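Look for chain A in each of the two complexes below; its partner is chain B in the first and chain C in the second.
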Partner chain A sequence: MKHIISDQDLVEVNPMEPEGSINRTVPAAGGVLVASDVTFAYGSGPAVVKNVSLAVPEGAAIGIVGESGSGKSTLASLLVGMLTPTTGTITVGGRPWSSVRRRDPLRLAVQMVFQNPYTALNPRMTALRTVSEVYEACSGAAKAEASEHAREMLQRVGLTGLAIDKRPGEMSGGQCQRVGIARALAANPSVIVADEPTSALDVSVQAQILNLLSDLRQEQGIGLVLISHDLNVVSYLTDSAIVMRHGEVVEQGATDGLLNSPAHPYTRSLIDSVL
Partner chain B sequence: MAVVAAEAPGLVPARRRRPRRLELRVGIGLIAAVILACVVIPIVNTTDPNALVAAPLQPPSAQHPFGTDTVGRDVFIRVFTAGRLDLALAALGVIVPLVTGTVIGTVIGASRSRTLDVVAMRFTDGLIAFPFMIVVLLIVLILGPEAQIPPLPPGAASVLAATWLVNWTTYARLARARTHVLRQEDFIAATGLLGYSRPRIVVRHLLPSVSPTTATFAVADTLGIVALIAALPFLGAGIQPPTPEWGSIMYEGRGVLSQAWWISLSTVGVVLVLGTGVMMVVDSLISNTRRARLT
Partner chain C sequence: MTQTLLLQASNVAIEIDGRQLVSSVDLAVNKGSAVGIVGETGSGKSLTCRAIAGSLPAIGGSITHGTLTLDGRDLTKPKAYADLYGRTVSLVPQNSLSALNPLMRIGAHLIETIKALDADDGLGPKNRAAQLLERVGLRDPERILRQYPHQLSGGMRQRVMIALAIAGRPKLLIADEPTTALDVSVQKEIVELLGQLTREEDMAMILVSHDLGVVSAATETVAVMYSGMVVEHGPTETILQHPRHPYTKALLEARPTIGRTGRLVGIPGAPASPDAWPSGCRFAPRCKYAQPACNEAVPTLEATDSGQFVACRRVHEIGALESAGAA
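This part shows the complex of A and B:
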């Protein structure tokens, strides 16, 4: 096992990972992904995320809810290291994102499932190629071996047969989202950040994708940060949640508690708007 | 918890079906007709394009479909022999800048170095701003009108050198702009999250998405190069006589246009057919690219 940080801080996770896949190690103590007092502003504009703190323990599922423009997607980009906080820190495996270089194995510990399943995939690559490339690039697998792993992974997310040789333009939104999930899983992450993963999909397909995320989380013990404006989705998949408004966390706690007895008027208004 | 149901595989919404490509097919047909004529006619009709075959300024006839020129050469065989050279020069004058410009622009666009971006783009802006004809004439002066790259005729070297020196800049600008747009796309963001190396991102993800844009421009640029080669004889540069070349044929016919319109207009007609075909292909490719981006 390739260790990312010192041996005494590490535990091995994901006993189900296939042989030859990418190794995953995360710190035993504290959250896998921890945001501490994070503030972010685009350029010299106003802060769109203000003093947000959260920790994603191993295998936990956390929901982030709020209306459009509340800073959810920006927070998602910060959590996966696509954006750098203006102030505060985000650590993965105990190390700040700023110290994790592109080729650092820890880079793979947090992956993302994007909102738009079509734009999330290279339009010129088949589903199989999209996923097999992860094994080639990240674990140095030979092409044939990478294809074999990719087939297994695509099968695991429910894509088999002719569908795996199709490009995004030839697939349905649900199929594309499954490929996006398979690509994220191929990196063997400790945490998946899913930014509105069902909002671009038909209602009938939404349930399939949610079931898939739920199954994979339970099977593989992967942490999940689910960004959504849909309270039903968050209540279905997560154990705890934070409610954001204007870039700030207005309320947080166990998901059931938040939905059944909200303390903040904004949370109540969100729940009322659904009902 | 089980996945509820499998989705219908291969279900493609109507809006993403391939549009009819009549315009593309007609355009390709016109281009192919000109290319085929330029290849086949000089093989079937073995008349030397520089041979004096009849009296000067004979109008079109069954024996000489495009008539004869000011010294009695067959314009028909000269026009289609000239087409071989013009099309070969246009292809060479486009392919090299297309490849170099696309790669340079994509690499600059993918780079996070602001300094590299500013320096490279100001350099290309300078080259673009410099009048292209002046560059060609300068190179003709430096290399001399007789400079030759075998098997191309004298004068071709300076035309190619000028296009290779300057033309890549337009492709680089296009490629850089497209790369900047692509960098905002989720699938490129995903490559960063997966820790892919920069060369892999450029070669496997950016270049395949950038090249349709620059290739579409290249098709239109081919016509521009044909026009440039045809324009150079009017400035005393370019392919040297008596080598048949569309520009030099039109230039020769210019002086006798009122008496022998067939010399210039037959050449113009062939270039028009080629140009119409090229523009139909370009329009079709652009609309297809737009559709592909919308879906």
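This part shows the complex of A and C:
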């Protein structure tokens, strides 16, 4: 079935207008990002996300597991405010996305890292420019200051020297994904939603990116929503997880318990399929 | 049981437009056996498959060094591939959506292939096409024959690709990352199907993957490639349980698995481009065991006491170092 996104489904996200220097704007208590009974349908089509609830406390890592068509990427778009729930609410810092105006700094609190690091970046921009542009737009800083800050962000994700002046076509997949993460960090987010961030990467590079996401969480208290079909990756990086099938949550709980003693037959079948 | 050699590659080098991208591949495949090739992007595993399947000329490539024989035929000679594809060797590609013609029904794909290979087994092309779809586990073949590729799921399309590949009853099936784009449950089904077909059709298989889990589930021996070379090969179980080459060890340490505790150990840096391959061991710049002497000459595969062949000049020392460390 073909799903069509109507204009009502789309809202503007991260308009990048100057708002002064960036401060972490979301309070720690009560869950930074909370989805309550969220249902979503594209246009007049059937619901692809049904009655999903989850909460991301500060610094927590939550995995969303499911197969193609389970609705996990749509849920990611809802969590970052790119789509508006048909019913239910998603709050960030206690406020529903619908009430967060485009100039509100709260818009920056949830950032996304995409699956394909090559197509997620502007092919004409260097790594440094990609990151500094975001910082400049978010903070209103001058170019020189934004550039200096972008260098720090890129260094934080392990890119230094000549690498920061390269464009996506000149970088490896792992380097591009690091730029994608640095770009998300440039907005000083409270939560990063990472949609299959390592599925396009080789095993050795995947380990580097997973360790980086783990470090960011532990050292900076950034919450993580990790969307993945790879249970090994979810096991490594998250404390709790939800399993989605046909848009519904079929099981949720602590990741260890869920993977070691799955209660739902679907979760069990997913675990049995891991080669 | 006596095993008959079907494919033998010895020190094979491959160039594309005058640029060497594979420099040394050693590989042996017995009739009816399943061999895995593991490696990361750019290691040369897909080019090796193309060389065996005879599709190098299509991308401006050629075998420039070494010997490659398949079913007694010398594949380094011009026109060696005539009448080979489909009957002796065939390929299941990675991306089934782009491999199928979006304007052709599934039935047309299969009937075209069956006619080209004269492989209808006396059933007539359409009946044979339906039989092939059933053979790869697709229910209601008559309906699927009438459908277009976009109407099938990724797993179903991959089954169609396998049906096309086995239409001519090849002796060797090459599956190049056949599960990469698929969900975990479908991945397992496809790997199991490939294993079942190799057993029941008395067909050998080369299974290419960057995923050690996929290879371990379906192969008896495995070759690990890095920067255009096979750096370790031997029994799959031995290599996964007791890897000897530092790269194979590092690959296993970098892989998250359910229940694993402790930090993953990534491999620092990235593989060198073929234009800048180091003069000695290509893994040396990223290897924690490397010494200056490792940069002097490219190591060749040598037999080890544990049953695998390893291209590392320090392989015996590393074993002793680790034993001492463990003690």
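Rule of thumb we're sticking to: the second predicted complex is superposed on the first by the 251 of 275 C-alpha atoms of A that agree within 3 Å, B and C clash if a C-alpha of one lies under 4 Å from a C-alpha of the other, contacts with A are read in each partner's own complex, and residues count from 1 in each chain.
Following the convention adopted for this analysis, contacts are C-beta pairs under 8 Å (C-beta built on N, C-alpha and C of every residue); 3 or more make two chains touch, one makes a residue touch a chain.
The shown structure was predicted, so the numbers you read here are calculated from the model rather than taken from an experiment.
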* Asked: Which partner does A:67 reach: the first (chain B), the second (chain C), both, or neither?
  -> second
* Asked: After superposition on the shared chain, which partner residues are touched by A:259: those of chain B (first), chain C (second), both, or neither?
  -> second
* Asked: Does chain B (first) or chain C (second) touch A:174, or do both, or does neither?
  -> both
* To do: With the two complexes superposed on chain A, say which partner A:231 touches: chain B (first), chain C (second), both, or neither.
  => second
* To do: Mind working out whether A:120 is in touch with chain B, chain C, both or neither, as first, second, both or neither?
  => first
* In the superposed arrangement, which partner chain does A:208 touch: chain B (first), chain C (second), both, or neither? -> both
* Asked: Between chain B (first) and chain C (second), which, if any, makes contact with A:270: first, second, both or neither?
  -> second
* Could you let me know whether more residues of chain A are touched by chain B or by chain C? => B
* Footprint overlap on chain A, comparing chain B with chain C -> 172, 174-175, 205, 207-208, 211, 214
* Asked: For chain C, which residues count as touching chain A in their complex?
  -> 40-41, 154, 183-188, 191, 210-214, 216-217, 250-251, 253-260, 263-267, 270
* **Contact set on chain A toward chain B in their complex** => 80-82, 102-105, 107-108, 110-112, 114-116, 118-124, 133-134, 137-138, 158, 161-163, 166, 169-172, 174-175, 180, 183, 187, 205, 207-208, 211-212, 214-215, 218
* chain B residues within the chain A interface of the complex -> 1-12, 16, 185-187, 189-190, 192-198, 200, 204-205, 208-209, 292, 295
* **Of chain A, residues touching chain C in the complex** => 67-68, 172-175, 202-208, 210-211, 214, 229-233, 235-236, 259-260, 269-275
